[in-house]
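Two complexes are shown next, each including chain A; its partner changes from chain B in the first to chain C in the second.
Up next, the complex of A and B:
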């Protein structure tokens, strides 16, 4: 892998200067030659160089506010209806200083607005916290603090989110961060502090640090994870109990934080694609779709209809794959091993389809900037058409063996209830949000690819409990099958990939695109300074809000319910930590 | 078969250990008279048993773990080889399959899990990440190969490896287990990279205690 990258790196810049020269000479040629040699426009005509996408579809022009106005402005926007904090991206703009872009969304209309703020102080930058406006800001701000060292005043609990507490420095800073400050392998066990840190500003403008204990001395706290079979990966919950009742959960993240966003800053745009599949591996297609879409829209490239349709089908197959795994794991965690085998039996069928076309089972590497890596396999349509009725039939089996099970019903109905206000405030999109009555399916509200031409229902329930979250996923499998059914016979002819230059340079600006991933809105935020590598690439992970809501969802329920609640909320840990 | 050079057992002279003929004759005689007796090396029996009931620890950090689940499910069915009993506690497990990326933060946890396992214990590094850091070698927070933390017996390359590769890797481990000697020699050939350090710490501790 690495060798490949290395061999690509030194080669790719070579064609680039040649191309640039061409581009530069072409317009001068035109301007000089057009008036004189008008009858010979031949060399120019067959090469319609795509204009550098004057207003790219997904370019965001954030409103810039000063740190003093920030809180007031955001509160005002929230009151105006932008009550979902969809994304929060910290960036080090170098000379200008460090700051944050807030992406706000109206949870009904899905309009977006962006606010940008740059902290005044460059050494110890600080901004006002917005944790009082949005619950999810708590985790988002901790992430920015961890990566950039931006201090959020009045944040109730400003600890690091991913890195160890004894980590030196902030790795995403553009200068002044030494990797060698930290050992590759930590020799000692991690110190986990029990103190929540709060910074405030004293009247004379100095930072004041306040530490309050997270747990009281006499609290009974048990550790779940990081190595626990039902946390779906390496996740650590410090759970405070009162008898058998959970009174607080403190999620401890970062055991699989690989710094994907940071690595991406040193990769060219086509290379960054490789890492998307490894974030949320059950949404590999959709992740890559989101990144490709963001880059394509920023470049002003229109992919062919064929690509759009194939991408849509693949996204839906991936969704089915993910929901089947959700079903299997949930059953396994609750002790129903047979259902686990049922789910995997059907999932293998989806993987067969993927494997034939993409060559991979889990890591698919299918979407490319400007199209697809390969055309679909000749068997693809036949296999998909065989799969649809089979899956429909098997879904009934699932209901028979598991949905109606009394034990499961008792463990999930009325358990882990989340209200609509809570899921919006926490930014829990996807099935978890829809189970609480929030219509948040981007496929409906901000249609992309071929979703505007297919007919499907947005599955929404109002109970907000574990059972609703479970049912949503099973129903979504049916809807996905329905979508695929409409498209599979109507794949238009066309190119499978646009011709792209070997070295891509995004125009200067900020770009944001989002797709509906398997478990919610997956957004990609790119800051470009016109280089062949992204200046900042941030993913709006679907999982971070989902794990942030665990405290709220579990408080007041029994410790045994934690497994069912965590299972139905359906997070994937490598997606949270990135 | 390794036998201690000069076993001292009362009443049996050392030479008789080499005398297979008498034993074979004895077995034949017994068999003819209807007594079911088999002779063989006890090592072989133990190795046969152990290699066919390797209990893995459920340990998965990322993508490769999902493929591990696929191996455990019906189509690839690792129960055919006796690996199906996945244990959630390291104290009951024989082999730790490192599925996925190990980060700096996870490294001490993995080391502790390994130390909690009872001997004989094995490690299989699955996927590019566990072998060398895989696609994340450039990262500031990824351990470039689990063999820097714990000794590895089998490497299974891939990103992720196919289920067949998992099974092949596990079968290689079985081969390793089958040639082991339970009696007489040291089982683990590979050095624990932390052993020396531990010894040093232990000596120091003893010194401190003496002084006190």
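Up next, the complex of A and C:
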């Protein structure tokens, strides 16, 4: 890393600040591993972080409700217009007990409100389920149940979501979870239950467990996955068929669950950055941008204009990269292998640009808290400017060979239609939501970085079918090129990183920031107790809602359509599983 | 024009004198079988290599280039790999049907391959209902595919096999109909006579003009579907069904499917060349005697192979361009469009012939 900087430094327009920067960032990175490397001796007791001058922009002050009034309050808020359940974060507050923070959003104005609830019982906490209000709550609550063991009453299918079904305990609990109960490396096959579990409360206040089979004995169920070419990763759909018609899909997740959120609880803030690139590997820049932005805003750090502009350009390059891969994989899934390679040919150019500046092609490690890891490479602007016209020309080629093809149009038009109400209820943001006529581009509605000073169109279509989802992505490539074009010659001079303390401590509180990732809203929710490590770090994954909607989108269509629908809905598995 | 019977007749006479009539026929059968299998293998290799290189060219790639100059040894090493791989027998499969299925497929493909008229006097199977025979043995292949899907005891395989059955049986109808259209023009079902006629009177695609050209296109579409090739490759569409009916096959058992798939393209293209493009008949233009003489000097099998590869080229081109159809769309295309069109063509051709409007 340092060698890279040295080779870049002499050529940068302002070598002086960059050199200063290098001295500053290095200890930040290594603060935990080499505390003695800091120039001044470490004080005996760490200095408390001074509170930010103004309250942090992204601090959330959730309204606290009791478990009894939870469902009523959320239903009321939904009726008031907060009809998008943007995020649901389970947390174990220790002494206070376990609970959930619901982050609700108005899907038109993008105002947010947060509701916090703490379950009364600490041993077997239970809360009312909100699956009847939001479809996506089904998966979110299963995730919380999996991690914390909070039981959601009346949830129709409260199974584990990510962990194995024979897992013992709930690992995110702060007390009472014994790691040694589970094998370090599982040697047995995973048992997959065929029973949906539903908990209800009996009149005398006891939990009643009810199990119903997911599939009937005579159902023809095929397993698409975990190793299957069209699931784009290790994902498992148990698909019930009636001939070739799909009647039900039960997604089975967690094959690449790495416990990123759990690991993050034991890492300092700068260290948590390393894991973001490994969630949605096609949105590495944006993921890291989201986390950096959340921490910076919580600390009250203002990054320089130069950083904002470079981050914006990088985010858009990443979006192009992601959408090109989307195009390629869709072509491959539908059997058009030539267009598949056309897409990869062009994506290679984006990766080359990334490689020159960041050193990485997939895992980029570029954003840092307070700025960037390195300044842009001297060739960066030239290569981006070469790329833009080339990409525009090649997009025409895509249209010629694939978009206009009658077979593709027949296979995608009218297939997998999602209504606007459905995408909002499932929280399907990004291109999938915009294809159904929902204006949900955070770059427009909650502008961050340099998006408020560039001109671009929010691409929205109303058909809601696979073809619309496909066209959204291609049009977004054009818009991204337009954004980059406006910024690439106007990168302001300035520091590439703010001076940060070696040990960062977020003030006590809850923080939430979101960016528009390659495939939707990527949110970061941090609960801080004032330590150098996050007390709870939750990502609002873009992919989880997209997989959750697969059952609704595919039911009634054929197996071949599942490929087209899955391809256009565009989920990335490491992002789902985290 | 080179006549292959100049070789076979003296050979037959020589063997008869040497071994007696019946033993001579047995020897000839063996010779023919060896020749057939060798040509089959050589064509399979050419096809596999050609496909990899052609598709690489379409896709802005280089294609195989590691083994041998331009990667020409690639196919040979692939074959070696395939032959040395273990044939895996799975539990709970129908062992007998599982093993017999690839042989059915490859036998059907070889028998149809034997119907091709390579040159004047060089047909292996040739009799008065040759076209009929070709269609009949061609259909045996689908039995192999269905058995493979059933005996594998795998849901993907079964779906692949069902699709394949539905698809191949449907498309055989329009192939039959199109062939009938052309038989209407030629008045014979023997491949050798069809070729001879075209050498004398001109290629069928010119003789049948406005009817023969659409018939040719329908034949290409239906033939492509018969071969399970993209965009009709959904019996084995890898993105849905991993590999369809041959998911559970390995080693040479899989190799037979692979072989049969490629040779079916050659057969499909060869029959198209025979029925529409004159078979081994050279390209002649009435009136240009000098040009015609040069054309006639090129031996018939060069013409035949050349035309076959021209058609293969067309098939490869569209295979690497189009995305895959869906099963209901494939059946819609066949039953709602191709069959009515080919029936109309048959009537049209009958009218052309009866009013003497053909050349």
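Here, the second predicted complex is superposed on the first by the 525 of 578 C-alpha atoms of A that agree within 3 Å, B and C clash if a C-alpha of one lies under 4 Å from a C-alpha of the other, contacts with A are read in each partner's own complex, and residues count from 1 in each chain.
Operating definition for what follows: a contact is a pair of C-beta atoms (placed from the backbone, for glycine too) under 8 Å apart; a residue touches a chain by one contact, two chains touch by 3 or more.
Bear in mind that the values here come from a model prediction, so they are computed numbers and not experimental data.
Of the two partner chains, neither chain B nor chain C is touched by A:168.
In the superposed pair of complexes, A:207 makes contact with neither chain B nor chain C. Using the contact criterion defined above for the overlaid structures, shared-chain residue A:234 touches chain B, although it does not reach chain C. Contact with chain C, but none with chain B, is seen for A:401 once the two complexes are overlaid on the shared chain. Using the contact criterion defined above for the overlaid structures, shared-chain residue A:190 touches chain B, although it does not reach chain C.
In the superposition on chain A, A:334 makes contact with chain C only, while chain B stays out of contact range. In the superposition on chain A, contact is made by A:362 with chain B only, not with chain C.
In the superposition on chain A, contact is made by A:345 with both chain B and chain C. Which of chain B and chain C touches more residues of chain A: that partner is B.
With both structures placed on the common chain, the touch criterion links A:182 to chain B but leaves chain C unconnected.
Common to the chain B and chain C interfaces on chain A are residues 228-229, 340-341, 345.
Put simply, chain B touches chain A in their complex at residues 58-63, 65-67, 69-70, 73-75, 88, 90, 100-101, 103-109, 112-113, 128, 134-144, 148-149, 159-160, 162.
In the complex of the two chains, the chain C residues touching chain A come out as 55, 58-61, 155-156, 159, 230-231, 233-234, 237-242, 320-329. The residues of chain A lying in touch with chain B in their complex are 1-2, 162-164, 171, 179, 182-190, 226-229, 233-234, 254-260, 262-263, 266, 274-275, 278, 281-282, 325, 328-329, 340-341, 344-345, 347-348, 351, 361-363, 573-574. Only residues 220, 222, 228-230, 244, 331-342, 345, 401-402, 405, 407-408, 410-411, 558-563 of chain A touch chain C when the two sit together in their complex.
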